[in-house]
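Think of it as A, B and C in the order they're written, each chain with its own count starting at 1.
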Amino acid sequence: MATDIAAPGVDTGGTPEPPSEARTRRWWRRSGLPAAAVGAVVGYLIGTYLGTWVGQDNQQVQGMGHNDFAVTLGYLGGTVGWLAGMGALTYPVQKMLGYQPAAEHEHERSLGRYFRYTLDHKVVGVQYLVAMISYFLVGGLFALAVRTELLSPTRHLFPPGKYLEIVGEHGTLMMMMMTSAILGPFGNYFVPLMIGSRRMAFPRLEALSFWLTPAAFLVLLSGLLIGGFPAGWTGYAPLSIQATQGQDAYLVAFGLMAISMIVGGFNIVVTVINYRAPGMTWTRIPLFTWSMLVTGMLMSLAAPVLVLGCYLSLMDRTVQTALFDVEHGGSPYLWENVFWFFGHPEVYILALPGFGIAAELLPVFTRKPAFGYRIVVAGMVGVGLLSFFVWQHHLFVSGINSDMRPVVMLTTEMISIPTGFIFLAAIGTLWRARIRLTVPMLFILGGLFNFLIGGISGVFLSDVPTDAVAHGSFFVMSHFHYTIMGGYMFFFFAGLYYWLPKMTGRMLNKRLGQVHFWTLFVFFNSTFLPLFAIGELGMPRRVFEYADSLQALNMWVSISAYLIGVSMLIFVYNFLKSTVIDPPSPLPANPWGSRGLEWFTSTPPAADNFERIPTVVSGPYEYGTGAGPMAVFRDEDLMQPEGVS
Amino acid sequence: MTSAGAPAERAERTDREHVRRIGLIWLVLCVIAMPLVYFVLGPHLPPGNDSYQAASQQQDNAVLAVIATPVFLFIWVYVGYAVKNWRIPTDTPVDQIEDGPAIRGHRGFQITWIAVTTVAVLGLFVFATVEMAVDYGAGTGSGTSPIWTPAGFSTSVKDSKLLQVQVIGQQWRWTYRFPQYDGVETADLVLPAGQQVQFNVTSLDVIHSFWAVNLGVKADANPGVNNIAFVETKAVGPVDIRCAELCGTYHGAMAQTGQVMTHQDFDTWIRGQVALHQDLIPQLPAYDDFYVPQTDGGYYDPSQDPPPPVDSGLPPASPSPSGSPAPSPSGTDTSSPSPSPTSS
Amino acid sequence: MNKSGRIGVIVAAAAAVVIIAASFVVYLLAYPPSVSAATVRSGEAEVTMQTVPAYNLEPEPTWVSYMIKQGDAWVHTTMFEVPAHSLVHFTVYQYDTGSPLRNPFMNQVAGTVGGTENLNGKDISIVNANVGDGVGHTFAIPALGVSVLFPGISADAKNPCTDPAPCAESFDHNTITFTIKTGDPGTYSWQCFVPCGLGYPLGNGGPMSTLGYMNGFMKVVA
């Protein structure tokens, strides 16, 4: 049932509605993917032409034989053209020029709306889901290439420069593109449903945050075709200033993703603060929503610093400012500090949504209230706050002022206290529970197991003397793979298996899901556990040759990595089969028996979520208390005393 | 703490019994595992024992591992116990699932947890800080003005009692300068055994990281910065050297093996190097904390900067970087002032 | 769309992904060709190289580059093979102007037989790159301790090479010969240590970091 989402302030009461765009224009004249593709090409050409014109008389540009202006402006122009073609700029431009913008109608429920710039947060959520899985798989392919190279310390598969490009692409795809892997699909889809809202606060910003991601993805991948970037995902200057054109792709793509994070996160924060249904007090907000709130705040506060860093690097590369060039008075520490000021909150942007999902699902599959609700919230907020004070632990051996090191060591060690609260909650929730080992629950338990290893290895890194051994080695690699892949991605899969029945009405095949979990869990651990040892034994990161004595371990790791790939194929097969090819019969609206408000909508939820804004009468985790449903939808039900359903 | 709504077949054990059983299993495993970790695994933990700093890092690793062991065991034992004892069949129809007891929190458990984690974390912080102080930075790059320095440290090379080794990182190899031996520069790292060494790590181009694996030394080589790391060598043996910060294409190739020799052998070696390079030494730049190469040759010397305008509020031109001996007269001083337009 | 239609779309999409991924892989695997050293007699081999100031051909016309001779033809590569446990004689034609070395440690020849190199007929063991014409390029194999310098031609040279590579011997150049003794089989990276990436900050970008231009691999085969 199509409903108008009228622009605020526009009176649609009495004025005749302008005909919807969808019904009057032909497909090639409408905003959408074809127009976006054309816009991208046109924008790229304009940008490249401008850049060539700017740089043409510059001696340094001539000497290098390529023009960073042209590359950068080309990518930026292409992105603007892409967004314009998608229709992202239509409304703001029309408003700025004083026109009455066309009321945007949510189109008929066709497949096409998933390829459009849409204001329905649920559609954006599904778009994000498919996109994030795709980026993840592509990044995984790069990882397999890396592991293939590392099978032998002396026989080289890729030329060393190309190998570094591959390493950089893998890292950047994962760390950059996947930052919104939980907030994007599940945050955008479910936060309004969980708080009883019919919409997001800024639907256009939300759609913008999504449509920036394919642009960033294409910019990043195209960097491979123009020489790639040799500086890894951390992009340290001065190496990044020295690099060829591919580095511009990295800087532009990261800048675009940072903007995506800022607008996406900001949108969620405002929605949670302002769009809660009556009765949805701060102590009744689901823990997943709390995690989205804190993550959104971190994104909004930390990502601008990244944009700054990328901008400064681009300045150094194009107009030859010398911010990072020691020869002309710059400082190599500047990038490290700017980047990690963003980079450390970034990894908590990755960790917190996972905690949110774990805290959200545990009560459902243990049929108990969330143990220590306020402590979990305090933990998430504490982690978020403290994450801004620990970034210098990435610079422990850089030669920073040695007075700083014990201070930062203290803050970094202290951040493990709020991080531990999620385990406190898990322990408490499991006590005397009614545990159902469904596939989502398996992923939660597996994720907690992995995150424990990741978190404890983080303590080894927060301690300066042990960091001396581990910094810059495969130990660090294993630590963050355990927390991000073993934690974040396992929780992502838990959320996916859990929420897909609400999004599509179908559950993923249980048997295949169990196979997926166990193969992924076993092979993930067999891949990354030896890497702790490999790192401590002296293998630095990002190298293509290493000590012969480490070959056997590396071969074991590479083979395990391939088996992770097999596990992912099983998942992809299951996903495609259950959603597209041969979906099983539709399920009841609440197959897991959850109390959460999102399960009390239709499947899939109606275009505006709730026919009437519900009134919340109890929390989402009141299992075993005899409380009735979380919310009532009709005034008559409000008259009943609490507890009578 | 009540367990409201517990079905009959689970009423066998009280909370206290569960706690006791979990606690017992955990305790037994800890008693077995912790000594194994510290005494059996500990002496084999990286980075080994080839210097006092490495030994100190190895001990820190062992302490952290021992403290981590009961944490791991607790979570694993508890979750395993919970899944075994408190599980219901996965395919129980939703409307037949009975809810568990409505336990929202437990003050005693929460306070104990927070207290234990806080104490552990603060204890580790104090332990590591003490270790850094006692071992003069525990082998890490401590920057230009380290706050914990061994006896005999001096900011001037002439007065220093430590063996000064300048580690110069460049794309893509390491070279080493010994200012106390005529400022000779060598391709290999050789150190005497049983010696307090001061590494002055710097770079000529991008950020590298000097990692002497079995000596426990890791110090980033930053251009324009003198990053000081202290190590006290022990016995004769090889030194694995790696670059631990991505510095470009051949980052992985910046690996070599150095050597720790007896004092006499080291003396012989270094004198041999000075003799071998005696024509070269006058052509090297004067020994300095760091070298900032200029595009048209030479190195940046801030004392050659033009003075700032009188009323700019800026301090007057800084003198040459401290710590270096008087520049040796060589036919090479093409140190240009602020760089002229690049024309290479 | 019915089920077989859906399967068809998915298979087609998967095939497209595989093809794109495979093309990337093939693109990334591309090595410059490898040249085998010419055998003079048993236990001795020869390698002939030149360094050009600007390649003057696509894809990177402004970049400096090495080239290696195979038979009578010059190949644009930096990968070559030499026999193990042999004497390998190198002849290098150097067409580029010079500059001081970033690290004057490499003013001194190292790792060659006799510790010297032969520059235009004269044996030398050290070149003061800070004065005179400087050094155009170096050839260093850090793992084997080899470091040889190729002094630059004068900045006022009358006949510098401006043709597309390879440069003919009629242009101004310096000729350097040296010999190294190879050991066990292995793959050793080698590079130039003169930051000659024109226009790149620090000079080490561009050709300095790209295989086939200013760095490569020497493969010692049994």
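The rule we apply is simple: a residue touches a chain if its C-beta (ideal position, glycine included) is under 8 Å from a C-beta of that chain, and two chains touch if they have at least 3 such contacts.
Worth saying up front: this structure is predicted, and the values here are computed from it rather than measured.
Closest to the middle of the protein, by Cα centroid, lies chain A.
Among the pairs A-B and A-C, the greater number of C-beta contacts is found at A-B.
Our note on geometry: subunit B versus subunit C, Cα centroid distance of 36 Å, whole angstroms.
Chain geometry summary: the mean Cα position of subunit A and that of subunit B are 31 Å apart.
Spacing of subunit A relative to subunit C, judged by their CA centroids, is 43 angstrom.
Residues of subunit C in contact with two or more other chains: 189, 198, 202, 204, 209-211. The multi-chain contact residues of subunit A, meaning those touching 2 or more other chains, are 59-60, 160-161, 230, 238, 242, 327. Annotation for subunit B: residues 205-206, 248-250, 253, 293, 295 touch two or more other chains.
Subunit A makes touch with subunit C in their complex at residues 59-65, 141, 145, 154-162, 165-166, 224-225, 230, 238, 241-244, 316, 320, 325, 327, 576, 580-582.
Listing the residues of subunit B that touch subunit C in their complex gives 168, 170-173, 175, 185, 187, 204-206, 248-250, 253-254, 256, 277, 279-280, 283-285, 293, 295-298, 331-332, 334, 344.
Against subunit A, the residues of subunit B that register as touching in their complex are 3-6, 10, 15, 18, 45-47, 53, 56-57, 60-61, 64, 68, 71-72, 75-76, 78-79, 82-83, 86-90, 92, 94-95, 97-106, 109-110, 113-114, 117-118, 121-122, 124-125, 128-129, 131-132, 135, 137-148, 201, 205-207, 209, 211, 213-214, 216-220, 222-228, 240, 242-253, 255, 292-295, 300, 339, 342.
Across the complex, subunit C meets subunit A through its residues 3, 6-7, 10, 21, 24-25, 27-31, 60-63, 186-187, 189, 197-202, 204-206, 209-211, 217. Per the touch definition, subunit C reaches subunit B in the complex via residues 99-100, 102-105, 107-108, 110, 125-126, 128-131, 134, 140, 142-143, 145, 147, 189, 191, 193, 195, 198, 202-204, 208-211, 215.
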